[in-house]
Structure formats: structure tokens, C-alpha cells
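What follows is chain A paired twice: with chain B in the first complex and chain C in the second.
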Partner chain A sequence: MKAIRSCLTRRVALRGGALSLAAPAILSRAAWAQDAPIRIGFPTPLTGPYGAEAKDQVRCAEIAVAQFNASGGLKGRKAELLVRDDKLSPGEAATRTLELIEKDHVDCIVGSLSSSVQLAVNEITKARGMLYVSISQSDTITEASDFARTTFHEALNPHMTAGAVARHVFKPGMRVAILLADYAYGQEMAAGFRRAATAIGGIDIVLELKHPVGASDYSTFLPQIRASKADVVCICNFGRDQANSIKQAVDFGIKRQAKIVVPVLLYNQRLASSPDVFEGVVGGSNYYWEIENQFPSARSFNDAYRAAYSGALPSDYGAYGYSGVRLILDAMRRAGGVSADAVIHELDGAHYDTCKGPEIMRACDHQAIQSVLILQSKAKSNMKNDADLFDIVAIDAGAEANLRSCADLGHKS
Partner chain B sequence: MPIVAAVLALLPWVAPSQALSVNILLYGLFATGFNLLFGYTGLLSFGHAAFFGAGAYGAGIALAHYGVGWFGAIFIGVGVAGMLALLIGAVSIRSRGIYFSMVTLALAQLVYYAAFQATDWTGGENGLRGLTVSVLSLGPISLNFLDPTTKYYVLFAFVMFALWLLSRMLNAPFGAAMEAVRENESRARACGFDVRLIKLIAFVVSGLVCGLAGSLNALHLSIVPIDTLYYQTSGLAVMMALLGGAGTFLGPFIGAAIFLLIEDIFSLWTPHWQLFVGIIFMLAVLFMPRGVWGTLAGWYRERRA
Partner chain C sequence: MELDLILAQLFTGVALGAVFVLMSVGLSVIFGMLGIVNFAHGAFYMIGAYVGIFVLTLTGSFWIALALTPILVGVFGLFVERILVRPLYGRGPDYPLLLTFGLAYALVELVRVVFGSDGVPFDTPELLAGGFDLGDLGYYPAYRLFVIAFTVLILLVLWVVIERTRFGLIVRAGARDPRILSVLGIDVARVWLLAFGIGTGLAALAGLLAAPMRSVNPEMGVAVLVEAFVVTVIGGMGSLLGGAIAGMAVGIVVSLTSLWMPQMATMSMFALMTLVLIIRPQGLFGRDDLAR
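Up next is the complex of A and B:
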């Protein structure tokens, strides 16, 4: 089937010459699209610093696909996942996305794990009317200049996570120091803390320091943070940087005088580090397996993951792989087809619950309104088992008030 | 030249995907531009990402911020890269050997950090966006640039034109003068060549070619990622030229094709692709020190002699 199709489009393309090729390509696609599987392109950084997160995203996405197929697919049409390594590079991701669209004829794209990479994918899918579910954090992707009607941002964004953590920790009269990784995501998280501080009022941001992305040595920043006599230290970075900076902050005795908070407390980094280092650190999260006690959808997702991967539990970023793929497949099923317009119609303003409680897809900017978990890392003595890493200290319920308004993002009402 | 044209014209029908064949085309041109300086003039630059990136950002900014047409944007990209090459070249050719490499590397990193900080212009770490060209208008004709085949042949035309100009330049006396500088600088000077001028011209032409590759790459990907300017992009040019055969006209293209094909095929096959790609590179360096094309061409010449 595959060979016949590619040879067909090729011949058609030759005949069409350099003039207009889009129309025949679409025609030949429509002819075979009836029984072919629904193809989901999944670019993700399997190699590079976020490899562990990416591999878990793939594992979780495969569960969503397997569940969809087991429950009958889309009128019998099965789904399949085409995983591609984007190497955490926007250029590579753009190439891979082009390949997925032009060669593999996917029906939608889900994935990518960095602000710049998802914006690259977004640029490609936007121009080609291709559905895209973004599952990593960015404030920019829902702003008017980057907005695409085909793109849906299922992940949290820095404004939401930093805001939720700040609302939980910041109290009027506090002195706050911010250490951020000097790149888009770090700056967006820091901006989230600043906006929240202004909203709460009476908070003195005494210090803001930028460190290079991927820094291994934080000894030049930490004495300044100590000297600032801050009550709260916000560390805004990702991946290895988070574990490295927190470990060194603890070595410098910062925990004795201040509370360390992070916008996103990463499951894998806590696993890679030790409970003593992270003990007491507070941060936000999209998913932690223990919410299965609150949400039945989380329980059924955890159970499926446990069954598929010999009792293991999904990570926070892994869960995005599941929720992103579930979101689009469920919408296709409701729409009764894979056409972009029908799926967008289903998703605009949709209320859904994939694995982390109720969510709403805001129609104006396609940001998923969802709750932010406030987690605190446990002391070793309180851990019941190896996966018992965090206490859920609060669940900051999803509300439109916690997002920037669509007018702020530049969307016309 | 005709063989290159024929092979490259057929590339999209043989390569695993059209996006990959465009990459081979553009990185091949980038490595060829680099090879002009490294292979023909004997100057090892570690800063060619600056010209590739300057071309990409020049064209990209013209498209995204100033609404310049695609054709004008390519010219602006090439022009910006040429200016930058003149600047960096004038400073760096005063040094030689490893010092030259280090100076080019340092200056290119300077450009990288400048672009990283100039968020309003370049989009910073998020990359430059908003430069998608979907329709190419050429007088009365308009082409659908989103179609991969059309896109390939438009870019192919530009690359071929650049290669043709380059081959003319290399076959002209100036090409011989460049090689004279590479072989023995003092003797070239004694023969009456203005060595510094030759080096500077080679540097600028090399920058122009890399700038063209960059501008076309911006059109191709419709984004300009910040890593375009990063030193790893410079390393890529060095690697491709060495793999294919530095100092040969075709070598860099062959190097780019092998490099990108291997990466593409192996990364589809296994997540541990880096292991295999690394082994292949080591074997290539051990057994083909003159590069794949350089070794083949040398072997053919010996057979005939």
C-alpha cells in the first residue's frame, strides 16, 4: 500500500512539473485515506539532555494510542505513532516535521520538548494547516504573533506554574531572590514570578541573577543570593540545571535561611538527585502519580502504565505525551474524522479530562486551562517507597483568571 | 559541473525525503563555501557559522520585519554575510595557523551572543519566526513554495548558479593563486602575489557562498534557530568538508550527503544512532584520510598514471 502510494504521488508530481502540485497530492491522498491508519507524528528529543523525559513521553503516548485502538479506533480506523528524534534542535525538528508531513503524510503532530523547538514545529504546521498539539512549556506559542488555529497548547506555561507557586509561597513583606537560566524559558518563568509578586503586593524582589544555560558551577551566584537575605529563592531553570543549582545552593547553606522554590519540580531530576538535596523544595507540576487519589482518570492512566511497564509509574513530562495524544485522538473520534476543521471545531472550548482532572481548551488562544499541582519534596525518612517523592501540598485549580487574558496576548476578542 | 548538476537534480527522487535532500543541497553549498577557504586557500576557519547565520538572519529579518520580497531577502542575506566576512576576514587574516582558527571562532561566538541578546531583532533563543514564504512570485508566474518538489528546484537553481560561479573562479588564474598561497605562502609572496589580498578575497567569497546557503536555509525551514550561529554549525562544515575531501570541488557535497544520510537513516532505526555514526566517522578518518571523494579521486588518478 505504502509503495503504491508514494509511486503514485511521485508520478503525479512529475507530470505536474514545477507548476501547481498541491491539488493532485491532496486528491491522491483522499483516495487512500479511508482505511489507512491515523498517523501521529511525534518529534521528541530522544538524544540530548532531556532524553529521559522524551523516552517517557514516547512510552506514555504509546499507551494513549494502544487504548484508542483497543476501544475500536475511529470507526475501525486504528492510530499509529511515528516517533522521530528532534535532537532538541529547532532546525532538526523543522526538518523532521517537514518529513512527517510531506513523506509520511501524518494527520497531526504531537510533541517536542523545548520552547524554541515547539515554536519551530509550530511555524511549519501553521503554514500547512496541520494539526499540532504542543506538550512542552512556552508562553510565546499562544501569543497572537505565533498563534495558529491548528495549534493547541496542552502543556502548562511558565506564567501558570510560576503564578501558582508564587500564590502559594509569597506573602506580603517577603524578600525574594530569583536565579534564572538565561534563555526564553528561564526569562518567562522569572517574568511569571514578577507578575505574581506585583499582583500579591508588598513583595520586594531584591535580586535577579542570570546564569548561562547548562551551567555546572553556580558558586559565583550563590554568595550574592546568601548576602541578599532573601526569604524565598526562586530557581528558574530546567533539566540537569535544576538538580545542579539546587544541590550547590544547599551546599552553600541557602536552605537554612530561605525557602527554595521552583516553577516546575521535575520528577526525573528529583530521582536523579537525592532526597536530602531536594528536601523541602516547593514547586509546581502538571502531573504526579499520587493525584490518582483525587482523579479517577489519573488512576486509570497509572494502571495502564503499571500494566504496560512492569509496575513503573509515569513521570510528569511523560504524562504530557499521554494527555497530548489522548486529546487529539478523542477529538478526532468526536469529530468522526481527521479533517483539521472538524477537529478544531471539537477542541475549541472543549471540556475534557485525559489523566489529570478537568481541563478546558480556551478557544481564543488554544491554551489548556488546567490545575497546577503544588508539590513539596519529601524527606528520606517520610518516603514510603522509591516512587514516593513528593507531598501534594495544594492543587491550584484551573481558572481562566490564572492565565494571561487573551487581550494581553494580543488576540482580538 | 554537469555531473554535479545531474546528480543533484535527481536527488529528491532518490533521497529518503525531500526535506533531507534540501538539507544536503544547502549544507553541501555551505561546506563548499567553507572549503574554498580551507581546502583551496589553506585557512582553517572555525567561525563559518557566523556567515551561514548572518545570511539566514539577514534574509529572515528582511522577510519578517521589513516585508521585503523573497528575492530581495536572499540578496540582503548574502550582502550581510559578505559585509560580516569582510570585517571578520580583515581582522583574522592577520594571524596564521591555529591562531587564525581561534580568532575566527572567537569572533563568530561574539556574533552568536550578540544575536542571542538582540531578542527584538532575532527572536533570541526562541528563534526568528514569521518568515514563511508560501507563494513565490516571479513576474507573471507564481509558484507554490510549500510544495516540497517546487521548493527543491527553486533552491537547486540558486545553488547551481553559485556553484557555476565558483567553478569559474577556481579555474581562473585567481584559483591558481589561492592554491599557491596554500602550498607556500612565502613563495607566493616572492612571485609577486599580494597574499593578504588573495586571502581576504577568498575569505569574503567564502562568506558570500555560506551566506547564500544560510539565506536559502531560512527560506527552506521558515525559521532561523539561534543554533544556526553556534560553533557546532561551524564544526559541521569542517566535518563535512573533511569527510568528503577537502580541497576537491565535489568533496564537501559528498561529505554533506554522507553525513546527513547516515544521521537520518540511523536515527530512524535506533535511538543509539550516535554510536554507529561515530564508528563510521572513525573508520572514515582512519582509512580515508583524504576524505571519501579525495581518496576515490586519488585512487582513480593513480590507476591511470
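Up next is the complex of A and C:
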């Protein structure tokens, strides 16, 4: 008994000593926070099938940080990017995000590519009141059930891209077939096309075919598409599924009878495939470098990227990395600090232009109202160089009417 | 109308079946001869596509790539057997299984490091571009018809080698009872070495042939490994004829499922496998002693 007591007192003494030693450190930490760098946590799937997209997001995010620092930072306070590999897994992303918040004491989180990762990160940031800018092209995050006042969705969503593409391609009297990947992304995109078809009117959706995600062979889906005698075939899938399914559809002669349309025409998938396969395919996009001829902000972004990466050009997903980081850093600068309340106040309803012309951050659901580019993949003979992949056939200007309404998403106002 | 569609699906299914057969034959050879469950099959398949691209860029000819790739990757397979697999013989089936499992990860990562995680474009060879209008069966790409013909050729050559040559006789004997074979004065180790090399070469050949139909990327072998296992298990481990029939059966089942329950297309092959395993645990043409 006595031994225990003496042991306890020694422990208490030790603990007290440790505390008194730590006290100066705690004090100096508070002072240090004034000019410590602004830390941005950036979870992104560096390994796995979207590694290429993720790496370009990091390259672009670095540019946004470098520009912010070069122009004086936040009253001299510099920013830094803490990149973490989320491996495209919601669990991994949640762990990394938690670590970024608790251990690295970040001031905000920007990133995520897949819909499920976005939701996992959002759960964490929402519970901790942490600022989060999502750059995943999914609908769910802005709905009232998952909404957080600290979360902002800078990316396009399925309703916007599919809607814009449909408004451009669908004409009354057309027969439309939809091939979709059987999971959230494919279903959201297909729903976007259906809603747009109803709004346009006179469109006959003759076939809706679900394929398993990651299918390696699409030949067995093509006889039905051929038999449907559709004028337009909408292919709603992502990443390699997109390149694979388009390639096989073209091999099997679908292009001879119908126009192939995708909700999001992916820069990297086009690069990984050949111009002959994608020739004439129409799709939506958040960014294509050629808009620099219309928007000065795009030109300065491209120029910075060219300068930093030996003349290369940013990809569509890369541009999200830039716009996401730029959005939050600019808001912090305007707010004069990094406190969540001040930044939210700046961003609610904000008009801004990061790299693609004017955007508005809608106050009710924190969805960025922005343009959708309608791109058509070029024939090999029309390409001036390796980066000359698409024609910009139209720019569907950002408008609140193109978004699902606040009430539709379950918000009060 | 509906009947036309069913016919078209059947035809597509048989054609897809040939592709399945092609993809599983390398796996089947290695299991049949050596009893090794080769989890690196998908990786060898992927390496085949990348080596093919390398040779193609170097020579500009798809046909030279087609001839050289299986040989180059086959030689690589010889080294894998000699250095990595051979020390594990006689230690039970899980040792080579775990080894090839790890090897597959290493190879995929290596390709990611060298070629990047993006895919690489691979155009259909010019001679086989385009397709044929097959009336009610629809438009069919010429290249796929070539792949089907080529698969039949590979199977014929394999059958002749295994059933009609002295080497084949030794290989078959080795699969039955390696100890008696070595007592008869035959270097069993060398036979196994060659069989492993042939199996790897066949996997690479399948990868190269698949490249113009599917996209080329470091993970392209993952799905193929699974498909090849399903076909091999249904056909009976180590049976060439079984593999061919199982490939066709899987192709047809996948195709008809695509017509009636498209989202279940991938799952249907597992359902078929389950069904076969319940009725015949050794597979359609498998030997009882291998199923154990």
C-alpha cells in the first residue's frame, strides 16, 4: 500500500514537471499561429485507377498555393498544401482527414474525387466544423440531408453536366438509348439525361441498359443498343469504363447509326485512347485549356501551369484542384483570417472567377453555379498538336435555372 | 425481332467465349502440368500487352510484336520458375500461390512506375480495322474474328503438342506422377520449367491480342485473372477441352444475362461456376485426383 502511494505521488510529480516544461511551448504556439502557414489538407487518390487525375490535381493545387504566396499571402501569412493519398477508399480518406485535422491542425480540407470519398470526408469535416471544398462530380453532398454550412461544392454535378449536354444534343423526335454503369455515378447521370429529356419534350428514351461497374467487355450490351435504332447513345460511366465502352461501341459500328454522347468527356481517357475512337463523341466538361481565348483567368492559369511544368497544359480534373484551393484561399484573404464563420460569410453567394469565367456560390446549398463546356472530340487530321483534343462547340453558361432548385434538394429557402 | 436479338446475343456470346478461352489457356496449362495455382497470370497478361507496345513502337509492326511478345515474356517466365517457383516445389500448393500473388502486385507496381498509371493507347492493326455486316447478327469487327480464329489455332497447336508429341507425352506423365517419371531417367525439373514458360508466354499472347479490343493499363489483368479462374474451374483444372467448352458456356451465359438482366452480367459467370461446382466439384472435364 505504501509503495503504491509513493509511486502515485512520484507520477503526479512527474506529470506536474512535464506540464510546467510544456507551458512555454503552449504559449509560444498561440503566438506562432499568427504567422504560421495556412495549412490546406488535400486528400486525393494518388494510387489506384485515378492516379493520373489525382497527380494533376496536386500539380494544379500547388500552383494556386504558389500564386497566393507570391501575391503576399494573407497579410504576409503563407499557405501550404498537405497532400494525402486517400487510395480512392472512403475509410482511408476518413482516417487521413482525421489525421490532417487532429495532428496536422489544418485550416481547411480541399479535395476528393469519388462520390463515396467525398461523403466520408464530409462526415468528418461536418462533425468538426472544419471548412471543406469538395471537387467530386457528384450530386449527393449538396442535398439537405448531407449538407454542412462549412462544406462547399466547387465541382459540377451530374444534373448540370448531363442537362447541358442533353440541351445541346437532344432534339424533339429523337430516339435515345442510355448505357449506364450500375452505381451512384451512372444512375445520377442517367437521371440527369432523363430529366432533361422530359424538359425538352418529344424525346423517346427507347432503352436503358445497366452494365456492371468495371466490366471488361461490352460486346454483349451492343446488340440491344443496335436493335434499339437510337439516334443518340448516352454512355454514363467513368474513367476506364468510359474509354473501354466507347472503344468497343465504335468497333461494333454503333457510330455508324448513332451519335455517341457522354455526360463528362474525360481529358485523360481521351489521351489514353486514340483520336479515331473518340472522334465525334460529344460530352460536357468543367474545363478545357482552350477557353483561355475567352477568359483571361483561364489564360493566366494555363500560363502558370505552362511555366511550372515545361509547357504542359492542365487537365479537366486538374483544374478542379486549382479552383478548389484558389476559392478558399481567396475567401480567407477577403475575410482577413481563417476562422470558419468569417470564410463562410465571404463565400455565401459570392461572385468569383478562379480559372473559367464567372461563378456564383449559391447560398442555400453551397453549390457553385458555373458554366459547362460542350466538347466534341477532334478527328486526328484536325489536331494541331498533342494537346489539341477537342472542339468547344458551346459553352452552357452557368445559371441557377440549370441547377436543381433549393427546395428540390430539401433546403428551406 | 426478339428472336433476331436472341440469335445476335448467342453469336456474341460464342465470340466472347473464344476470348475467355484465349485468356484462360495459359492459366490452365500451368495448373494442368505443374499443379500451380498461378495468381500472377493476370500480371503476365498485362506484361504481354506492355511488351507488345514496346516491340510495336520499336519495329512498327503488329505482326512482329505478335511473334516476339510471347517469346520474350515466356523467357521471363522461365526465370520466374527457375529462381522463384522451383524452391517451393514439394511444400504444398499454398506456397507458390502466395508467391505468385505477391509477384503479381510487384509486376503491376513496376509497370505503374515505368509506364505510369494512365492507360496507353493501342490501335487496331490496320490490316484488321473495320468489320463485316453479318445481316441480322449485326456488324462485327474484323479484329475480333481474327482473335477467334487465332484462338482456335492456338488450341489446335497445343492439342497436337500435348497429345501427339513425345514432349507432350512426358508432360502428361509428369502431371500424373513426377516421381515415376524421374525414376525413368527424365529430367522433370526441365519439363516443368518449359511448361511454366509456355504458360506465361500464352498469358502474354492473350494480353497482346486483347490490347486492341480493350484498353491497356496496369490493372487490365485483374478482371482477367478472375475470368480465367472461373473458366478453368468450370472446365476442370488442367483440361484443355474443358477450358474451351467452359469458355463458350461462360460467354453465352454472360451474353444472355446481358439481354435479360444486364446489371448481373458479370455475376452470372460466378452463378454458373457455383452451379457446376455443386454438381461436379472437379469441373466439367476435370480429373477426380486433381480436385481431391
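For this structure, a couple of remarks:
As a convention for this text, the second predicted complex is superposed on the first by the 381 of 413 C-alpha atoms of A that agree within 3 Å, B and C clash if a C-alpha of one lies under 4 Å from a C-alpha of the other, contacts with A are read in each partner's own complex, and residues count from 1 in each chain.
Operating definition for what follows: a residue touches a chain if its C-beta (ideal position, glycine included) is under 8 Å from a C-beta of that chain, and two chains touch if they have at least 3 such contacts.
Quick caveat, the model's predicted, so the values are computed rather than measured.
Three-chain overlay on chain A, with chain B and chain C fitting side by side and no clash. Contacts of A:Asp276 after superposition on the shared chain: chain C is touched, whereas chain B is not. When the two structures are aligned on the shared chain, A:Ser71 is found in touch with neither chain B nor chain C. Looking at the shared chain after the overlay, A:Ala243 reaches chain C, while chain B stays out of its contact range. Once chain A of one complex is fitted onto chain A of the other, the partner contacts of A:Ser381 are absent, as it touches neither chain B nor chain C. Residue contacts after overlaying the shared chain place A:Ser310 against neither chain B nor chain C. In the superposed model, A:Gln224 lies in contact with chain C only, and not with chain B.
In the superposed model, A:Leu119 makes contact with chain B only, not with chain C.
Chain B and chain C never share a C-alpha pair closer than 6 Å once the two structures are laid over each other. Note: residues 47 of chain A belong to the chain B contact set and to the chain C contact set alike, using the contact criterion stated above. By the touch criterion stated above, chain A contacts chain C in their complex at residues 47-49, 51-52, 182, 209-212, 214-217, 219-224, 226-227, 240, 243-244, 247-248, 251-253, 256, 268-269, 271-274, 276. Residues 1, 4-5, 8-9, 12-13, 15-16, 19, 112, 116-124, 131, 138-141, 143-144, 213-215, 217, 219-220, 223-224, 227, 254-255, 258-259, 262-267 of chain C are the ones touching chain A in the complex. Within the complex, the chain A residues that touch chain B are 10, 13, 18-22, 25, 46-47, 55, 84-85, 87, 89-91, 94-96, 98-99, 102-103, 115-116, 119-120, 122-124, 126-128, 138, 140, 145-146, 183-185.
The residues of chain B lying in touch with chain A in their complex are 13, 16-20, 23, 124-127, 129-130, 132, 134, 143-144, 146-150, 153, 221-223, 225-228, 267-268, 271, 273-274.
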